[in-house]
Structures are given as structure tokens and as C-alpha cells.
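Here is the structure we will look at, set down as C-alpha cells.
Labels run A, B and C following the written order; every chain starts at residue 1.
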Amino acid sequence: MLIIILRRLFQALLVLLLVALISFLIFRYVGNPVENLLGQEATVAQRAALEEALGLNDPIHEQYVQFVWRAIQFDFGNSYRGALPVADLIASRLPATLELALTSAIFAMVFGVLTGIYTAIHRGSFLTNLILSTSLIGVSLPTFLIGVLLIWFFSVELGWLPSFGRGEVVDLGWWNTGFLTASGLKSLILPSITLGLYQMTLIMRLTRAEMLEVMRQDYIKLARALGLSPRQVYFSHAIPNIMIPVITIAGLQLGSVVAFAIITETVFQWPGVGLLFINAVYFVDIPVMSAYLLLVGFVFVIINLIVDLTYLAIDPRLRDSQLKQEQ
Amino acid sequence: MSDHLLEIKNLKITVATRRNVLNLVDNLTLAVKKGEILGLVGESGAGKSMTGSAIIGLIEKPVKISGGEIWFKGKRIDQHPDEVRGHEISMIFQDPMMSLNPLWRIGDQLIEVITTHMNISHQDAIKKAKHCLVEVGIDPSRMNAYPHTFSGGMRQRVVIALALAPNPSLVIADEPTTALDVSIQAQILDLLKQICKTRGTSIILITHDMAVISQTTDRVCVMYSGRLAEIGITKEIMAHPQHPYTKGLVASTPQIDASSFEKMLYQIPGSMPALDNIPSGCAFHPRCEHAHDKCRAERPEVLSNRAACWLLDANEGQ
Amino acid sequence: MSGNAMIRRFLKSDFFYDFTHAPIAVVSFVVIMVIVTCAIFAGFIAPTNPFDPSSLELMNGFTPPMQPNAFTGDVFLMGADDQGRDLFSAILYGLRISLFVGVMAVILAMVLGILLGLTAGYVGGWLDNLIMRFADIQMTFPSILIAMLIHGVARGILPPELRYEMSITVLIVAIGLSEWVPFARTVRGSTMVEKEKEYVAAAQLIGLNRWQIMVRHILPNVLSPVLVIATITFALAIIAEATLSFLGVGAPRTEPSLGTLIRIGQDFLFSGEWWILLFPALTLLALALAVNLFGDWLRDKLNPRLK
């Protein structure tokens, strides 16, 4: 068991190093660290001195190692704009993004699984058909359009919910949260729905397909023939068996939630890292872009790892076959 | 009250397709006595599994029971099958590899079934579950093992333990050994037979295999195209089949004696008709060498309590 | 075969029969055709040229749809925006940019995917491993994110004075590079199957270039899956383009695509000029929905396994 976990960790580390390589190449060759620090007016001598000091003349692999080493210590250089350390910028904006991503992931997961199971159990009912056809429109719509339309309806026409920002935020020192105030919670509603809707439809379709598949299995037939109640059949036999694929996909979706937050944050002017990134793309702020890439890569790798391990924990067949492989 | 545990009267199972309504089971009448093993035999698609599912109330849309009655212990059960499903009648299926929930330890699956049907404490349920495993020849120390660690034959033993745990009066076994190794088939059938005989449980054994029928069952019911062809005591039918289809089946079964190795095995010419193209009159007449006009025109009823065939009609015989 | 005979054969085919008997497919196909025609002939259909500053009358700013302007008396089918630009014309020209970017991006992704897929499948070994592992990693990230990143990098490489001019090209490259993986996977699979077949060895025996022969055999094989992937990618590309433009890193305001128009429209939502947002949004909605639905149908028809 331990060997499997270690092997997964090692694979994750490799991917992470590859992502770091790409972000290093961007940092080193697309951006111009010297001009960044000195400005356009510096003399040739000044430049040469700084190049030496920054180690830009070292062999490329040493520079890469340096880059990774600094990244581990959260040193991503300074932003071109405002010359603030990128790490501080990201740290100040991370809570906003994570709170948004978490809320919408929970929203997507809960409603996606519930509607998926409902539409599988009540095949052909009116509500099922309604949910399914709405979801078809849902996946076709670009996220930003959903956001804009929600703002139009709930903020402009009805005036119920705020259309931008995080509302009132409580500062906990190392974290600032919108969960603790009424306006903070209200501000979360529209962005979370916008961000979660697409993942919700995906999770719903997947849950439904898996559920229909499992319901055809012999062990479900046997469970019913043994006189177990529909509740027992659904909840203790069918649903646990769909949870593996659903958790996998939903987990992988969680990563996209962090990435798609860029769009939602722009629509709602949500002060998170996504908005920071899109501004960096707009102003060609290379250090911020490179750091963001590392951050998102890290999130994805961690999520993949957790999903893999959960998978192992849930399914005894998988666990045993992996153990056998190891031997 | 008769000594019949289960009675099926004029059962009709249909499915509506876009074009027409197909009869999967058509006007089937049969009975199962207490403690007996009834074989249900017929070609693939004859409606054997449908009959089994109907008894236990697991017919699913778009298929439906559109006529007839099913009586169990003097009560009509086709309206409320969930009252008897599991604790009075249970069913086991062909493929033991797929019949157990892969995520549950077999002990937990047993305990779930036991506590669902019997009003006993969890401690007693565990004891009972262990006892059930011993009965089917599995070491009770394997209560905590997952299904994938068992072989096919062992899994079918677990399935039998599950089905018999709540002490049902009737077990429907739908080709319980078809998916197993030939060497294990007999073991599993013997096990099932032996447990049921000691408990007085009746069995409906669905199979293709006439050899299994002749070795295992007390009585046999032959189905053809969703209809009853012949029913009666196994020994009599094996010795003196009345319906031409049964004759064909019996003739095509290898006998365990020296002479059979010299004979070519008989094959019934042709194949069973498609469901949307069942012939008029007797469904078997196109394949029957004795068929005459009446067979083509009129559907035979069950004559002499035995076979649905006009050849048994005394008036015709002369 | 003559063109006429081919058309006749197509009309008799199962494919055409199924198509005419699937209302959703027909409707979405018609919608796509109408939109594409409008975009191609935008110059003739549009009452004004929205990119020509001399045709703009500032007095016409914010004229609601179908109501004569209080000062000039001009009437606009879909209203006018803040600068007095006819929204209907702007949408037609915007569509043209959206579709152009979409089509070019799909072509880029397709060519790149087919080339990489062929190479990976044919050469095999470490090169195959490298390409496919890279594809795996790229696939774990959403393509819109990849597109944004490529976009940012491309802008970083370009000198600042070219950034504006080249923005449409950058957009195409960014979206194209983010969508090649499905093409490559399909083509690679097919190549690996073909490589083992006897005619390849036979071709080599009689001195033909087996690479050429193989490509000639593979391309027809992958035609229908590639067509399906291309349709679905087209829908994705249109959405990606609209998204990037909406975020302000795509088509510039001087050459607004649908996404840019929606971005502009959002600014006027609170002041009550709803039409500036509504009409571009509806157009994008119709286009995205139609291409998606048609792609779904095509996938089910041509390649049920791709689900």
C-alpha cells in the first residue's frame, strides 16, 4: 500500500517538475527579468552586473534548479506592474478564489449527483425531461454568458443580489473570508452558480449514465430478487458503486473550477487570482503568469493525486490488483 | 387447500414494440408442489427467465404481465410481489461473477439480507450468516472477504447462501451453473438440491440441459415459444415423451450408456420462430413431422394433463 | 463519379435519411447555415459598415431598437450602441470575425493533430511516448486555460507595437494549439492499426514508399471521426474565442467579435441599454447551441464510440 502511494507521489512530482520547466522557460525567455528590475534606462554595465547577480549567465539547468528552489520558498520574483513580490500578490488574492471555487464545487457536486440520481431513477418523468433538456442548453452556453445573464436578471432586473465584488470581508490575519458576513455570502451566490453550473451538468450526466449502467448489473438484479427494499437497492448497492467514477470525474473537475474561475472572476470583478492572471495576460506581466501556471499546475497535480488515492481506498478490487502488480 | 405451493394460471407476459405486441409468455399454466424440484426447460428465448421474473415480481417496463394469476400459499401475489420477494421466494441467476456487489464483504451482504427479512439482533445475524456459509461449504472465517477473492463456484455458493438465508419456501434458480466449469456444475447442483431437500424448500430450476433435468428434478415443464409444451414427472417424460418437441429434446440428450456413443445425436430440424412471427395453430407445427391440418389451424390445449399437442387427442388418433 | 451522381447517391444514403428524420439536426443545421451566410455576406446585408468611423453619427448613440432616434430620426433594427453604431451591422461583422477565428483555429488544430498523430503512431518508440505524454498532461488542463497561457506568451514574445495588429492571429494560434490533442489521439490509433497491415509490407517489397501508401490508407479511415471532432472543436473554438474576447484579451474593440460586443454590452446593463447586450448574446447563444447540437448528432451518427 505504502509503495503505491509513494509511486503516485513520485509521478505527481515529475509532472510538477515539467510544469515548473514550462513556467521557468516562460519566465526566463519570454519575460525580461533585467529590464523588469532596472527599467529601460539602465546602462549596459548595470545590466551586465545584474545579469551576473541574477545568475542569468549560469548554465541553463542550474538556472532551472535555482528557479525551482526559489519557487519552493514562494519566491516568484516581482510583478512588472507595481513591482510587488508576486507571492504576496497571490497570497492576498488566494482566499477569494479558493472560497469561490469551494462553494461552487460543493454546489456542483451536490446538485449534480442529486439530479443525476433522480433522473436515472425516474426515467422518462416530466421533471426528468425538463432537467435533461435544460442541461443540454447549459453545457452549450459559455460560462461568461451565463454570468452576464444571471447579473442581468438577479441584479439589474430584480435587484436581489450584488453583481460584483466580494461584499464585506472579515480579515483573520492570514486569511480573509466572505463566509462570515451576510453581504459576503450574498455576493457568493451568483458567482458560485456561474462557476458551478457547467461542472454540475457534467456531473449530472455522468452520475445518470453510471447509475443507469449499474442498475443493469446482475448484483442489482440479485439484490432485488433477495427482497431488499428499493431504498436499500439504491442507497446501499447502486449508489456506492457509482461513487468511484463520479468522485474521479468530479475531483478532476475541481481543478477546472479553479481554472475557470478566471472567467467568473472577470464577469463579477471578483478579486481573486484569476482576475490577477487575466490582467497579467493583458499587460504581459510575465512573472505573474509564470507563477500562476505553477500554482494551477500544483492544484491540478494535488487533486489528481487525491482522486487516485481515494479511488484506491474505495475499491477493494483495484487495491488488490495494484498490490499484486507491486509483488 | 391443495398441496400446491405455487400456482400459475394462464400467465401472459407481453411487450409492446413500435409495430405490434409480442407475447413473451403466452397462456402458461403450471404448479409447484411443496418440497419438489420443478425443471423449466426450453430453447433460448422460450420465456423461461421471464416466467421466473414474473413469479418474483421483477418484470420491468416495457415488458408487463398482461394476463393471468399467480398464487402462492393460497394468496394471490402478482399484485403485491414485494410481500413475498426475498423471504418466501428468492431467485438466483446465471453469472455468479457479476451477482455479488463488488464493494461489500460477503458477510455484510449476508447480514443485510438476514436483518431485512428476520427480526433478529445484529449479533444473531452474524451467527446466522456464519451458519449459512458453513451450510454451503464455505469457511466462516471468510466473512470479511470481498467477492473478487472468490472463484466462480465459490461465489455461486455465496449466492445460494444469500438466497436461502431467510428460509424461503421457493427458490427460482435461473441457469445457476451455466457459467461454471463443468466439473463444478454438478457440485453446485447437488449442494442446492441437498439443502432444499433437508429444509423442504421447493426449487424451480431453469436450464437448457436435459441431462441436468433428468438428474436433478422431480417434475419438468417444457416450454416452447412462450407456451407450455409438456409437463409431468421427469422420469415418465424422459422415458415416454408425448410432445414431438419433447421427443426431440430427449432424443438429442446423450445417455450415459454404451449404445449412445454409437448413435449420432438427434437434432430437431429448424429453429424456434421469432417472437413477431409465431405460426398459427401449434407454434411447433412447422418443425413437426407429424403435423396435420388441425395443428396448423388450431392452438392445442393441454391434453391428458400432460402435453399441448393434438396428437394426444383421442379422436384424432383413430 | 460525376458531381451529380455523387449528390444523388448522397441523397439516397442512410446518412441523409437519418438526417432528415432528426428534427434537432435539421434545425441546428439550418441555423448554422443562416448564420454562416449572414457572416459571409455581411458586406451586402449590413445597412452600414460598423468599422468605418465616418459612417458613425454620435447623435445616434443609445437609440433603442425599432424606435426612431429623437434627433436624427434614424431607425435601427437592433438599436445602436454608445457610439451610434448600428448593432445589427456590428453583429454581422462580429460574427464574421468569430467564425473566421473558429474555422482557422480548427484547421490549425486539425493539421497539427493529424501530423503529430501520424508521427507518433508511425515512428512509435520514445517519440510516440513524448508526444502522447505531453498530450496527456495538456489534456488534464482545461483548453481555455492553455489558450490563455499561449495567448499571454505570444503577446510577450511579440514586440508591443505588433500586439494589437496581430491580435486575431494570436487568438487563432492560441485556440488552435489548445485543441490538437483529440485529433492526434484518433489519428495515432488508426495509424498503429494500419502499420501492422500487410499492404504496408507489400508496398515496401515492391519498392513503393510505404509512408505515402499508408497515409493514403489512413486518411479515409479517420475521415469520419476527424469530422466529428472538428465539429465539436469548432463549437469549443467559437466559445473560446468569445470567452477570450469577453475577457479583453481577444479581438480588439476596433474589430469587435461577438465576445467583444458582449463585453461592451455588459457595461451598459445597469444604465438600462439592454439591447447592446441582448442581441449579441442571443446570436452567440444560437450559434453555440446549434453547433453543439449538430456536433452531438453527428457524433452519435458517425461514431457512437466517441461518446
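Basically, contacts are C-beta pairs under 8 Å (C-beta built on N, C-alpha and C of every residue); 3 or more make two chains touch, one makes a residue touch a chain.
Just so we're clear, the structure is a prediction, and the values are computed from it rather than from any experiment.
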What are the two chains with the most C-beta pairs touching? A-C
With centres defined by CA atoms only, which chain is the most remote from subunit C? B
Subunit A and subunit C have mean C-alpha positions lying a whole-number Å distance apart equal to 26
CA centroids of subunit B and subunit C: separation to the nearest Å works out as 58
As a quick test, compute the distance in whole Å between the mean CA positions of subunit A and subunit B. 54
Please give the residue numbers of subunit A that touch subunit B in the complex, ascending. 217-219, 221-229, 232, 236-237, 240-241, 314-317, 320
Contacting residues of subunit B [partner subunit A, same complex]: 56, 58, 82, 85-87, 90-93, 95, 98-104, 112-113, 116-117, 146, 148-149, 159, 162-163, 166
Per the touch rule above, subunit A residues touching subunit C in the complex are 15, 18-19, 26, 30-31, 136-137, 139-145, 148-149, 151-152, 156, 163, 252, 255-256, 259-260, 262-263, 266-267, 277-278, 280-282, 284, 286, 289, 293, 296-297, 300, 304
Where on subunit C is subunit A touching in the complex? 137, 140-142, 144-145, 148-149, 151-153, 155-157, 160, 163, 235, 239, 242-243, 246-249, 259, 262, 265-266, 269-270, 274, 277, 281, 284-285, 288-289, 292-293
